[in-house]
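The structures considered in this document are given below.
Two complexes come next, and they have one chain in common, chain A, joined by chain B in the first and chain C in the second.
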Partner chain A sequence: MNPRTLLWLATGLVVWAVLPFIVPRYMADLLVFTGIYTVAGLGIGLLLGHCGIVNLAQATFYGLGAYASAYCTVMMGLPSVVGFLVGAVISMALAYVIGRPILRLTGYFLALGTLALSAIASALFFEWDWLTGGTLGIGGIPKLDLFGFLLDRPSRYYFFVWIVAFACMAVARNLVDSRTGLMLRAMRDSSTAAAALSVDLQALRTRVFVVCALFGSLAGSLFAHHASFVSTQSFTVDRSISFLLIPVIGGATSIPGIVVGALFVTFLPELLSKLGDIHQILFGLALVAVVVLMPEGLVGAFGKLRTRLAKRGSGHG
Partner chain B sequence: MAEPLLALKEVGHSFGGLSVLRSVTFDVPEGGIIGLIGPNGSGKTTLFNIVTGYIRPLAGTVTYRGAVLGRDTIQQRGLQGLVRTFQTPQVFEQMTVLENVMVGCTKLTRTTMLQDLLRTPAARGQMREIRDRAEAACERFHLTALRDLPAASLTAGQRRILEIARAVAGEPRLLLLDEPSSGLNVQEIDDLRDWIVRLNQEGITILLVSHDMGLMTVARTVHTLYFGEIIASGDMAAIQRDPRVREVYLGV
Partner chain C sequence: MTLSLVLQALFAGVTNGIVYALVGMGLSAIFKGSRVINAMQGEFAVIGAMTTVLLLTKTGWPYAAAIAGGAVAGALVGAFIEVAFVRYMAKKNASEDSFLLLTIGLALTLSASVLFFIGRDGHLLPPLGGEGVLIILDAVIQFHALWLIAIGIGATLALRAFYHRTTIGLSMMAASIDADGAATTGINVARMRTFTFVLGGLLGALGGILVTPLIGVDYQLGLNLTLKGFAAAVLGGLTNPLGAAVGGLTLGLVESLAIIGISSSYKDVVAFSVLIIIMILMPQGILGRAGRRGG
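Presenting the complex of A and B:
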C-alpha cells in the first residue's frame, strides 16, 4: 500500500471513530441508519450492478429480519442472536423458493415480479397481526448486549452497526472479485455468450438473490434492535424503493458507492426537511438530477471528474 | 471405422410451419475440419443452435461422443467440450479483454458461492489458476497489449479473435465457428485461417459455418446447405464443380 492511500485510510478511520461523539444525537442516529441501509443496499447493488437485476423486494427481507428479531426476543424471550439467525434462515429460504420461479423473468417483468413480492409481503405483515402485531407493531425489543456491554446509545450502536457493515462490504467485495463475480458480469453483459461458456445463469441468479435477502434480513434485525419497535410502516413498498435508490444513486458497481447512496437516502431528506413542506419535492428533484446527470451514480461521476482533472493537470505539465 | 465425434441424423426443424431444416445427416470426425456453406437463410445458424443446445430439434438426433444429446442444456454441452462462437461476436463489453478470457476458463474450475464470499484459500487458488490460464491465452492470441482495455473498445477483427481466444481457453473438444470471417479485412481473414489450421493441429475438431468460399478451403469436407437440405458434400474443389451448387450460388 502506498503512503498516500495509507494516510487517507488512517484519516478516514479517525473521522469514523470520532464522528458519533462530535455530531448531535439525531445525526448519530442517522449515521446508524446509514450503516443499516448500507447492509441492505449492498445486496441490491450486487443484483443491480453485477447481474443487471432490479430488485424491488428488499423491504420484504428487511421486514422478515426485523420481525424475527422482535418475535424471538420479545415474545419468546430468546437471546438476540437467535432472532438474527431465524430471520436469516427464513429470508434465505424464501428467496430461494420465490427466486427460482421469478428469476426466470427478465427486465421489467422481473422488476414487477419483485415489486409484487414486496406488495404481498407488506399486506401479510399487516394481516398477520398475531405474528407481527399489525399496525400496533411489537415494542420493547431489547438493546443488543455485547458480552455485558450494552449498546443502548446511538454512539455505541454506531460502532457495532458499522463493523457489521464493513464486514458485509468485505464479503461483497470478495464475491465481486471471485470466480462467481466474473460469471455474474459475463451474464450481465451477454447472457447468450455466458451460457455458451457454461455459465449456469439460473443457479447464479438465484444464489445472488439469496445473498441479497441475507443482507436484507441482517439489516432488518439491526434495525429492530436499534428502534426497539417494529411495525408495518417500516416495511412497505416505499421502503423497497428507497433501498433500490441506494445503488442507483451511489453507483451500482461500486461498493463504496453503496455507502454514498445510503448517506444520500438517510441524510438528504432529513436536512431538506428543515426547509418546510417543500422538502419532498426537493428530494425528488435531487434524485432526478443524480439519475439523469450521473447515470453511473455519484461515485462514477466523481471518478470521471478525477480522470478529467488529472488529464488537464498532465496537459499543462 | 472410428466413431465420429459428432453425428447428426435426419435432423429437421421448422419455425411456425416454415421448414428450415429437412433431414440433415452428416458426421464430424474427431480431429477434422468440417465446413458448412449455404446462402443466407439456408439453415446454417439454426443447425448450430441445435447442436449447441439453444434450440431443440423437432426431428432427428444429435450424437456427441457416442451419446445422444437430448435434453442436455447449453451449459452441460459446454462442459462436455462443445463450444461455439457467434455470427455477431458476443464479447462481454464492460469487462476487460483479460476478464473476457477469464470467463472462458471458469468452467475448468469449481468453487462454491460460500467459498467465494469468504475468499477461502481454495477460492483464491482457483482464481489464480483462471488468471494464469487467461494470461497464457492472451499471450498466445497476441492480445496481451489489449488485455486491460474494455472489450467494447475493440475493432470487429479484435472481437473475433477475442471470442476465439475465450472459447479456446476453456479447452474445447469441438469448436463451432459461426461466420468467423464476416466483418474482417483480407489480412485478418488470413490470420483467422492460420488460427483454424493451428488449433486443429492441436487436436481441436472444428465445425465451420461460412459463406466465404475462400476461407472454406481449410475444411476437408464441406456440406452445402440449401433451403434446409444438404445438396452437395465433398472437398471444396468438388463442391465448386458441383452443378447444383453452381446453380444456387452463381445462377448458371
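Presenting the complex of A and C:
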C-alpha cells in the first residue's frame, strides 16, 4: 500500500469517526440508515454485478430480519442476538428453498419472479398479524446493549451499524476474490463456457442468493433495533425497488459504489423533500437520468471521467 | 359453497381477467416489438383513467369523448417514452436490465406525478350502461361488467385483425421477427417500435378506463396492474399478445375461484404464486406455442 493511499484511508477514517458528532442529529440518523442500506444493498450488488441477477425481493428478507428481531425481543423477551440469528437462519433457509427453483429463470423472468415473491411476502406480512402486528406493527423494540453500553443515540448506533457494514463488505470482497468469485465472473461473462468447465451454475447462484438474503436479514434486524417499531409499510414492493436502486445507482461491481448508492437513496429524498411534495417526482427523474446517462452507475461514470481527464492532462503535459 | 357463489366468483374472475388481459396484451405487444419489459404498463392504465376522469369532471366532455381522450393520452405517453428514452438507449445497445430499470424509474416518476398533481384520493368513473344489475341465480352482475367483457373481447379481436390484416400490423410483426430483413424490404423499423409503444399505451389505458368504475383509480393502482398484466402476459407466452388474453382470463379465474375456499385477502398471494409456478414449470406459457423468446 503506497503512502498516498494510506493517507486517503486515514483521512477517510477520521472523517468517518467524527462525522456523527459534527452533523445535526437528523443527519446522523440518515447516516445510520445509509449503513443499514449498505448492508442490504451489498447482497443485491453481488447478485447484480457478479451473477447478472436482478433481485427485487430484498424487502422480503429485510422484513424477515426485522420481524424476527421484533418478535423475539418484544413478544418472547429473548436477548437481541437471538433475533439476529433467528432472522438470519429463516432468511437463508427461505432463500435456499425458493432460490433452487426460481433461479432457473433468467433475465426478465427472474427479475419479475423476485418481484412477485416480494409482493407475496408483503401480502403475508400484512395478513399474518398474529406474528407481525399487521399495519399496527410491533413497537417497543429495545435498543441494542453492547456489554452494558447502550446504543440509544444515532451517534452511538452509527458506529455499531457501520462496523457491521464494513464486516459485510469484507465478506463480500472475500467472496468476490475467492475461487467462488472467479467462477461467478466466468458464469456472468459466459455461462455456457463456465458450465463446460464444470461450474455448477445452479448451486453457485443459489449460494450468492443465500448470502444476499443473509445481508438483507441483518439489515432488517439492525433497522428494527434502530427504529424501535416495525410495521408492514416498511417491507413493501416499493422498498424492494429502492434497495435495487442502491447498486444500480452506485455501480454494482464496486463495493464503494454500494455506499455511494446507499447515500443516494437515503440523502437525496431527504434533501429533495426541502423542495416540497415534488421531491418524489424529482427522485424518479434522477433515477431515469442515471439509468439513461450513466449505465455503469455513478462510480463507473466518475471513473470514466477521471480516465478522460487524465488522458487530456497527459496530452497537454 | 353454493352455486350462486361459484357463479358470482366465475363472473368476477372473467371481469378481472379481461382487465389483466388488456394490460397484459399491451405489455406483450411492447415486448414483442421492442424486447423491452415495460414495468410501467400499469401506469398507462392510471394515465388513461385519470385523463378520462379529468376530462369528464373539469371540462365536461361527453363520456364517450372523455374515454377516447383517455385512450389517446395513453397512446401519446407511449410514443413519447419510445422517442425520448428507448430509442436513445437502444442506439447505445443498453442491456435488458437497463430497460427494466428505465421503466421502473418512469413508473415511480408517473406515480409520484399523479400524487403531486392530482392528489392521494381515489376517483371513480360512472359505470357504462348505468347502475343497473343483472341477477342470475342470485349472483349479482353489474351492467358495467357486461360492457367491460364485450369491449375487452372486441379489443382482442381487433388486435388480432390488426396484426394479421393491416399493412402496419404485418410490418410491426415483420420488424419484431427479423429487424434486418424487415428493413431490407423497406419497413421503417424504428417507427414500428414507436407504434408498438403507442399500441401498448392504448391497450393499457383502455384497461384502466374500464376497471375504474368498479374499483376506482388512484396513484398506487399502477404497480399492481403491472404485476397482474405481466403475469397474464407470461402465462400467455409473453411474445404473443393474444396469448395474454388467455393468460389474463386464466389468472382472473384462478384468483377468484381460489378465494371461495380461502380468505379474499390472499387473492394476490394466489395470483403471484401461480405466476412463479407457471414460469418455472411452463416456460413457454400455457399455450405452449412458439418459444417465448422467439418471434
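Here is the rule we use: the second predicted complex is superposed on the first by the 317 of 317 C-alpha atoms of A that agree within 3 Å, B and C clash if a C-alpha of one lies under 4 Å from a C-alpha of the other, contacts with A are read in each partner's own complex, and residues count from 1 in each chain.
The rule is simple: a contact is a pair of C-beta atoms (placed from the backbone, for glycine too) under 8 Å apart; a residue touches a chain by one contact, two chains touch by 3 or more.
Note that the coordinates shown come from a computational prediction; the quantities given were computed from them, not determined experimentally.
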Regarding the shared-chain residue A:256, is it in contact with chain B (first), chain C (second), both, or neither?
neither
Would you sort A:171 into first (chain B), second (chain C), both or neither based on which partner it touches?
first
Who contacts more of chain A, chain B or chain C?
C
Touching A:127, do we find chain B (first), chain C (second), both, or neither?
second
First (chain B), second (chain C), both or neither: which does A:288 touch?
second
When the two structures are overlaid on chain A, which partner does A:237 contact: first (chain B), second (chain C), both, or neither?
second
Can A:112 be said to touch chain B (first), chain C (second), both, or neither?
second
Chain B and chain C footprints on chain A meet at residues none
Within their complex, state which residues of chain B touch chain A.
52, 54, 74-76, 78-79, 83-84, 86, 90-95, 99-100, 102-104, 106-107, 109, 111, 113, 116-119, 123, 126-127, 130, 163, 166-167, 170
Complex interface listing, chain A residues touching chain B
171, 174-175, 177-183, 185-186, 188-190, 192-200, 207, 211
What does chain C use to touch chain A in their complex?
37, 85, 88-89, 92, 94-98, 100-102, 104-106, 108-113, 115-116, 223, 227, 230-231, 234, 263, 265-266, 268-269, 272-273, 275-276, 279-280, 283
Within the complex, chain C is touched by chain A residues 48, 52, 54, 101-102, 104-105, 107-109, 111-113, 115-117, 119-120, 123-124, 126-127, 237-238, 241, 244, 248, 277-278, 280-281, 283-285, 287-288, 291-292, 295
